[in-house]
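Lettered A, B, C and D in written order, each chain numbered from 1.
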């Protein structure tokens, strides 16, 4: 089986490029072969050498080489700061190159809706948004159990993402990760909300299939910080249920404490990213714990098809991100006419990207207007 | 050592009278000797017989007998439905009888402030409000660690209380516990908020010593229910920090899932009632778990003085409620002139009772006004 | 309802007398009224004053006063060091007084078998052995589930009890608890085995109904200590299944880390004392967690009858010990002709006491003979 | 940076070849390029096609091609059933090809000692034994903390590995994994011991640096099974401390429940594979939890150099196996003269392979001789 060839835009300097590199390589069915890895051509050259891939001074050159037949590419992964995503994603889709794009999808809502219009025209060019956590098998299983009616009608969702790494003003100390995340020019209108609040939102909505009607928000930041680092939102879901979304980056000791509790009329489903291999179903009397890759009757074959190792040996973050790449890979292989490709599980894409932008816009506006309920 | 003699008002029918009975008896230094256990004289007689105590048709008769010297009483425990507390507490304090009162303290805010004025005049008549969870040793330790500056300035508090037992309309099926709790005439303006939301609030404020300035609330109820069963509040604390308080009675599978996470500038402190014997301190690198009755250097002697059994053998709910009775007992013994009485640890009282009423009033008003921020 | 009157032998100096005092008092249906609390008459007097009970210089005097009709007693609790149990238990049974006896039941196997012969003659005088952990509701439920065939045939049991408090030679520093436990004259042939190893054994055998055929043991002690502080045993159970029993007092950081894992042909049942309110059933695909006092269909009414507070508010060590007293209380009330007494759940007694002694004898002998398999 | 080229022997049929394939690919610095993936040439061809690597009908042909300069290879991974390891490892070492070999290292002790003699002569040809769990960063940290004296002198080790998948006679139902593992001709003298017991052993000895003097064992198997499926061993360690090793494959519901508790004179260190990202240090008063990739002061730089993603996003089984490949990779790069290669952390090799064989031999013999203590 031929390995899919991947080009990367950005990723040379930050840690997340390397994370995608690993998630792409992990299954030995995909490989990064080229990259416009950094805006500084010398650094791009350096990183390309380290990675052992063809380096390009800019993404336009990489796409041009592919069009000219000088470079094999099956898709492109975008790992640049938020304000660059839109332009790059547009260029790829226009050229006919499938995209795995980091979230948040765009810098402004306008960019997001424009991108959506473009994607509609480019139906045969798959676009995936790397909301990594949706790639966890247990989140797939949660989604399937909810579809099967296991918890009845959803009445309330608590979804959260707690971190502590911005409890001091790291951006004043030259920390690169902190600097761009707290800089409105690079991150957009929200810091914590854009970085991790959207994960909490998409995790919940993607799993339940519900929409979000309106929000009331309370956003704050440490003195001296330009964007929110604490982001709390009440919401009304499309079925009238209540959403409580809390995200923070000042909860010292919390790493990536991200998860949800979904309460229905017949039971509850709960998942926490830091024990991603477990899923809990609660009825009035007991708690039932399901395990990743275990022989659970309710698990559909399509979810099982993402398993790599036996139960008790966890597949975790890299594997979940790998699963999103696998879904994209499966779609691309089918489009290319390969046989016996297992079906691709759903993954977040343009719609979730637009939703994330609308959500951030509404939350920021609500907080400015003292928590006034604001339509999404 | 003479056992303190306790009279009880209410408690014969519901389960919580028996809970207080056990918490009082547990240490073998206190005993219930009399009770106006039920409004129905026949039932009162029946329960008094079962408990082996002197039965009184009404609390006035019990107090009168005590005044007449026919009955020994050291204090009274009030376990009636909310709307009766104020009148009974007033009668006890007026008579000079110390009180352990169930929460919420009163039915209306006016009753609460009147009671506060009375208590001010009756300084030598101790009054305790049975916010049971504050009796846990690990909550005492959390409070002491925070006083010692262990987590620095507090920036955010998440406090919660999740239950699932009202996920169906039990009050329509004759369930007594559900009936009075969802009945505005007996419970007041809030169901879930009054029953468990105030626990979440007082746990957090008592532990940190902070006040609450204003709130923005989202309260809902299942269709067909008269009072809220889902109660979510954002707040601004007296030091400007953020409060996120969530309480619910429709989270199926949750029993008494109550606790807090307190985030400061130097670390975090976290406690959960369902593992009440543990307290967690988090810094950026590690999580340190303290155990009840363990030899932790930071534990003050006054906290240790509440321990009953060696670490690893938990003291839990009955013991925590017992601790509140112990604090009241110690105060009473000192007032009576006994020697070598260990010092009583602080416990919630009138001020917390007033605060709880103000909080409920503000939260209910805010929710009615679409989450408008409302002063407490 | 009249409270049962309890006399105590021993308990004035150590901490465990007070523990029984609380477990007896907890339900407000029993009370300690008299005690031969200490061998030193002055100390006995002092403790009796503190407890507010009638003090006796020796247990014979207490029994004599009861026989003479000067003292009301329904049963006696024995909390003396191991080497005194037999004589005192014999005296009570001979007099017709029911007994709650601390474990290990006796100092020698001979004493145990003699006591058994006596008890056979005194059928109407209940005798309970306070293997506290068997009083936990979740252990009752485990026993019932196994009886119902939930896990099929038992193939292996791992039972354990880890403590760390004897990791230093506390007995050389004047620690009273350490001194008698490491002293062969007071504790008998085994230290760790007698103190906590028998808990691990009885927990497992009582829950499964299995017997023990033979053992191979490895016992060790820190240099300078007279009795074992680390106690490891392989066993063959009556059905041929394997027992692995590990107990230690040198595992620093472990408090009362005691529990079992029972593996059957259809599933596993697991319980841990430090989370005593949970019971786990595992099949190949999921783990099902049952909660104390929760509405679990498999829970028989007799087990439910021991519940005191709603699920999520744990009943723990004192309540479990209280449950053993409740079982004894129920038996006594029935014997006394009271009506409507709920049925008493089974509890360890003479047979478990004899078994414990046989087990210790076999384990100590096996360890001396380099682990040779030794009949129990 | 050039990717290292890896050849694989075996692995085409079982699941573990693919696991190594992923662990090799994960870091995008190594790639499988060739494989003698199956003894059946047609199947080998098929798998080679699927993997996209050069297929060889036998490993000799692959080595020959490399020697002839027709194939680039930096090292070889051996993933065949146990009885084939020795011959293949010998061929690689003789040819000068570094080896990553699956465990147990050999089929007989003689093979193992012969291989050791060969390896001694081939000092510049690295040999790694894939005891995957030793690749976890938290096990590296445990080893470093113990070296630093954090827990003092080691007094007892409990090490365990519980599985449940062989609770039925799967080998009679055509399950391939079960068939070779329960077949003495393919697995050697021990089933459970060889498959997972040696993991429990090496985890403990590698982490502490202790040796094993003698053992007393109790091995059993379900009726109808040829090799042990329950494997329990007491041991005496080189410093006189006690080892309790329990491994089983009939504990229904247990997946890969593998870990250790190491008790020293100053504290305890505990790790469990199913929460591999945490390491616990216990002193008498508290439990301190360390997190993978967290900023823990005690973590040496060499351990940090294995980290891939931020704390809270776990690196788990594939990453741990990847770490062993990374250690081998680093050694090879240094030998090849590359600059700036980070130092390789220690990993199990020939000595651990020999030790594993000696241990199995002694345990099987002891069990046959009714648990007689047997020198290792």
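Methods note: a residue touches a chain if its C-beta (ideal position, glycine included) is under 8 Å from a C-beta of that chain, and two chains touch if they have at least 3 such contacts.
Note that this is a predicted model, so its numbers are computed, not measured.
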| item | value |
| --- | --- |
| Most widely separated chain from chain B, with each centre as the mean of CA atoms | D |
| Interface numbering overlap (same over half, different under half) for chain A and chain B | same |
| Equivalent-chain rotation between chain D and chain A, CA atoms, steps of 5 degrees | 180 |
| Euclidean distance of C-alpha centroids - chain A vs chain D, Å | 34 |
| Distance from chain D to chain C - Cα centre to Cα centre, in angstrom | 43 |
| Distance from chain C to chain A - Cα centre to Cα centre, in angstrom | 55 |
| Shared interface positions of chain B, touching two or more other chains | 254, 284, 287, 291, 294 |
| Residues of chain D touching chain C in the complex | 151, 155-156, 158, 162, 164-165, 167, 216, 218, 220, 222, 230, 232, 234, 242, 244, 246, 248, 250-254, 261, 263-268, 282-284, 287, 370-373 |
| Chain C to chain B touching residues, read off their complex | 1-3, 15, 18-19, 21-22, 24-29, 31-32, 49-52, 163, 254-257, 273-276, 291, 294, 308-319 |
| Contact set on chain C toward chain A in their complex | 284-291, 294-297 |
